Every structure is written in C-alpha cells, then in structure tokens.
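Order as written gives the chain letters A, B, C and D; numbering starts at 1 within each chain.
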Amino acid sequence: MHVIDQMLDTYPKDLGDVDRAALSKCITACRECAQACAACADACLSEDMVAELTKCIRSNLDCAEICTTTGDVLSRHTGYDANLTRAILEACQTACKSCGDECASHADMHEHCKICADACQKCEQACVDLLATL
Amino acid sequence: MHVIDQMLDTYPKDLGDVDRAALSKCITACRECAQACAACADACLSEDMVAELTKCIRSNLDCAEICTTTGDVLSRHTGYDANLTRAILEACQTACKSCGDECASHADMHEHCKICADACQKCEQACVDLLATL
Amino acid sequence: MHVIDQMLDTYPKDLGDVDRAALSKCITACRECAQACAACADACLSEDMVAELTKCIRSNLDCAEICTTTGDVLSRHTGYDANLTRAILEACQTACKSCGDECASHADMHEHCKICADACQKCEQACVDLLATL
Amino acid sequence: MHVIDQMLDTYPKDLGDVDRAALSKCITACRECAQACAACADACLSEDMVAELTKCIRSNLDCAEICTTTGDVLSRHTGYDANLTRAILEACQTACKSCGDECASHADMHEHCKICADACQKCEQACVDLLATL
C-alpha cells in the first residue's frame, strides 16, 4: 500500500534510526497477511470438508488478529518502545510460522490455503528482517 | 492489495450476485483508509500543536477501527447477510465522511492529514458505490 | 466491569448530556457480547456437526468484531460525534439481532449458543436503549 | 465477566490440562485492561496538558489492542498451540508492564491513569501466572 510510505514520509518528527525500508515492508506484509488469513478462515468455513479444517480456521483467526495488531503497533512512532516492538514482532513471527505451516500442509488441496501460506511466509520473513535491524 | 482478488477468485463456493469489482475496491479502500487513519492519529499525536488536534485524533481512531471491521465483514462470504453488510457499510461511510471532513479542514497545515483525507474520501465513495449494488 | 464506571467517573471534561447509565450499560453489554461471540465461534468450530454451524460461526465473528469496535467508539468522548455514534450503534444492533436469532435457533442443542443468544439479545436491547437517549 | 466462565464450562471438547482458573482470570484481566486503556487514551486526550501525555496515549493504544487480541486468542481452544499462546502472553505482559509503568508515573495527577495502572498491573500478573502453568 502506497499510503504506508506516504505516512512514513510525512511523520512530523524524526523516526529515529529505524530501518525505514524494513519497517515499511513489514507493515505491508502484516496488512496483506491479515487480509489473506481473514479470507482463508472464511474460505475454509465454506469448504465441504470444513470438519477437517478447524485447526486451520483457528490458526487463521489468531494470525489475522495478531498481524492487524502488529501492523498498528508498527504504525505508531510517538513514544517508541523497543521492548514492545520486539515482543509483538516475535508473537507475529510465531503466528505466521504456525499458520503458514498449517496452510502449507494442505495447500495442494485448497488454492486459498496456498495463497495464505505464501502471505504468512512473507510476513514471517518481514518480521525476522525487521527484528534483525532493531 | 493483490491478495484481495486472489482470495475472491479462490473462494470455494458461489459468491452470489455480488458486484465483484465494487466489493474488491471497497475492501481495498477500507484497508488503505484504516492504515492512513492509524498513522494519522499517531502523526497528529507527535505534532507540537497536538492540543488543537484532539478531535482529529479521535476521528482517526474511530475511523481506523470501523474500516478494519468493515474490511473483515466484507471478506466473509459464508452465510451472507445483506442487512448486516448494509449496516456496517453505512457506519463506515459515516466514519469516513466525518474523519475526511475533519482532516480536510486542516490539510493545508499537515501533509499527513491531506493524505488521510484523500483515503477517507476514497473509502467513503467505495462504500456508497458498493451500497448501490446491494 | 467496574472499570467502565470508574473511567467514566474520572473523565477530565464534561461528558455532555449523555445518559450515563445507558452508556455504561451499553459498553458493558458490548464487551460481554464480544466475549460470548468470540468463544461461541470457537465452540461451534469444535462441535462434531461443525458443517451445520458455519452460518453461526460467521455471525459470531462479525458480531464479536462489531461489538468490540462499538465498545471502543462508546469509550471515546473527546470530539463527540452523534452521527457516528448512531451509525455504529445501529450496525451493532443489527449484528446482535442477526447473531442472536441464529444462535437462538439451535440454542436447545448447544448450551454455548444459548449463552451467546442471551448476550446478543442483551446487547441489542442496550443499543436500542442508548439510541433512544441520543 | 460471568460469561467467560459460562463459555469455558460449555466448551464441547476437552480443554486439555489447562489451569482453568488461571485462564479465566487472565481473559478477565485482558478485557478489563483493554477497556481501561481505551478509556485512558481518550481521557488523556481531553486533558489540558495533553502535549505532555502523548507517550501515555501511545502506550494506552498499544496495550488496549494487544490485550483485546490476547483475550481473543485465549478464548479459542480448537487446535491449541502452546507456542503461540506463550508468544502472545509474553507480548501482553510486556505491553502491560510498559503501559502500567507509564501510567503509574503520573497517577498522582490523573485519577484515570491510576485506575489504568492498576488494570495493567493486574493483567501483567495474570499473564505471568498463566505463563507459569503452561
């Protein structure tokens, strides 16, 4: 989303020594992953074999919510708190790893799980990359 | 976000007679507006004249949360409920109109408010357009 | 939650001519309904007959999220906007009515749906009551 | 909230060897803390000296959102994932510690910050206690 960079560019104060590219990439990945997971939960819910997808739906719901929250925390710069940024990034990385693995395990049967697994893996990597710069 | 269309394309059941383009456009606009509003609230918070921006911050927080919720409701198709879709779209349209007007009123002083006003107006229009197809 | 009244009591500015009792009751009902719906979605997901409960799960997820958002909007008083309060309360009333009806329709089979239907009906009424005072 | 225990009691499957009392207490604390933080952010926003409270508002917003998300994750039992539960509890504990310290530092000047600091400390402890049982 172009709007992420526009808002970073117009933040009135100094952003500190944050890696701007890694931050922007991570917010973008969180937003895309949240969208993929919300939609994947609903797609799984509409599958005839939904009874076999309940673990996936639960992972989707957790990951969607954690990614949205992480994207919001990363979009706030006032009163920056490195400990909190690290803690929520680690939770997000864990959620994406867990949901990505679950979706990948039946990605060959459900195209929506394949797309979601990709979004999870991209977001997990973006969290790892941003954590490395902190 | 490309992922919105990919998930709509791979939804396992029939999406009904929804206007697919209007739906995709509205989810996209909700996501961008939520991001712009979350970031604008924080940018306002860091302005030296924050005391004059408290109404804007409050509008931003409401609009961000309502847009996120609307984007999530619109991403669920299982057990579609036209009444609920209409009600949340109307709330989203109201939030975007309110926040867009507020941001626009001091957009000449704060570049982040100008970007946010644009995102609000785009999202308000996308809600109106989707409502017209229901 | 006691904390709702404590925070209303210590708000630094005048709350305006809002009906304080109706406001407190509605925030409380939104929080309880959000909790009931989040838990009911997960309980339905773990039922053997989950395939017959997909509409209920979707209603639960929408209602949980809209109740949380409504509780948050109602907890903000700075820059009060009656139009927005009305619009989100109407969306919340619609979500609670829809989810309450769905849960009530199989409340005799699932105790968690009965508890959730009660929470939805209480929240729907609290929205109606608060709307009547605006 | 009574509804938390009612929903735990009626969950259709076995909850595993989770410490039910610690779980219920932690969900309750997350809900109360989220409410306190959402209201405290808005109360700070309405203080005349808002310019000196921007760090507190930011902490409030992060903590409110992380507590809501943690309460939701803890309310889902289907496909339980200990790693994710631990990660989000650690993030919640960090957010509550950070926000509680910030609020406590000016609790003598703002009654709402005192109430919020109490809610944060209670929630931080509930996270620690639940983590100890996992």
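Details
The criterion applied here is as follows: a contact is a pair of C-beta atoms (placed from the backbone, for glycine too) under 8 Å apart; a residue touches a chain by one contact, two chains touch by 3 or more.
Keep in mind it's a predicted model, so treat the numbers as computed, not measured.
Chains that touch both chain A and chain D: B, C.
Between the interfaces A-B and B-C, more contacting C-beta pairs are found at A-B. Although chain C and chain D carry the same sequence, what matters here is overlap: shared residue numbers make up over half of all numbers found at their interface.
The distance from the centre of chain B to the centre of chain D, with each centre set as the mean of the Cα atoms, comes to 27 Å. Chain B and chain C have CA centres that are 21 Å apart. The set of chain A residues touching two or more other chains comprises 42, 45-46, 48, 54, 57-58, 61, 72, 76, 78.
Every residue of chain B that touches chain C in the complex is listed here, in rising order: 54-59, 61-62, 65-66, 68-69, 72-73, 76, 78-79, 81, 83-84, 87-88, 90-91, 94-95, 98.
Chain C contributes residues 41-42, 45-46, 48, 50-51, 54, 57-58, 61 to its touches with chain A in the complex. Residues of chain A touching chain B in their complex: 1, 3-4, 6-8, 10-13, 27, 31-32, 35-36, 38-40, 42-43, 45-48, 64, 68, 71-72, 75-78, 110-112, 115-116, 119.
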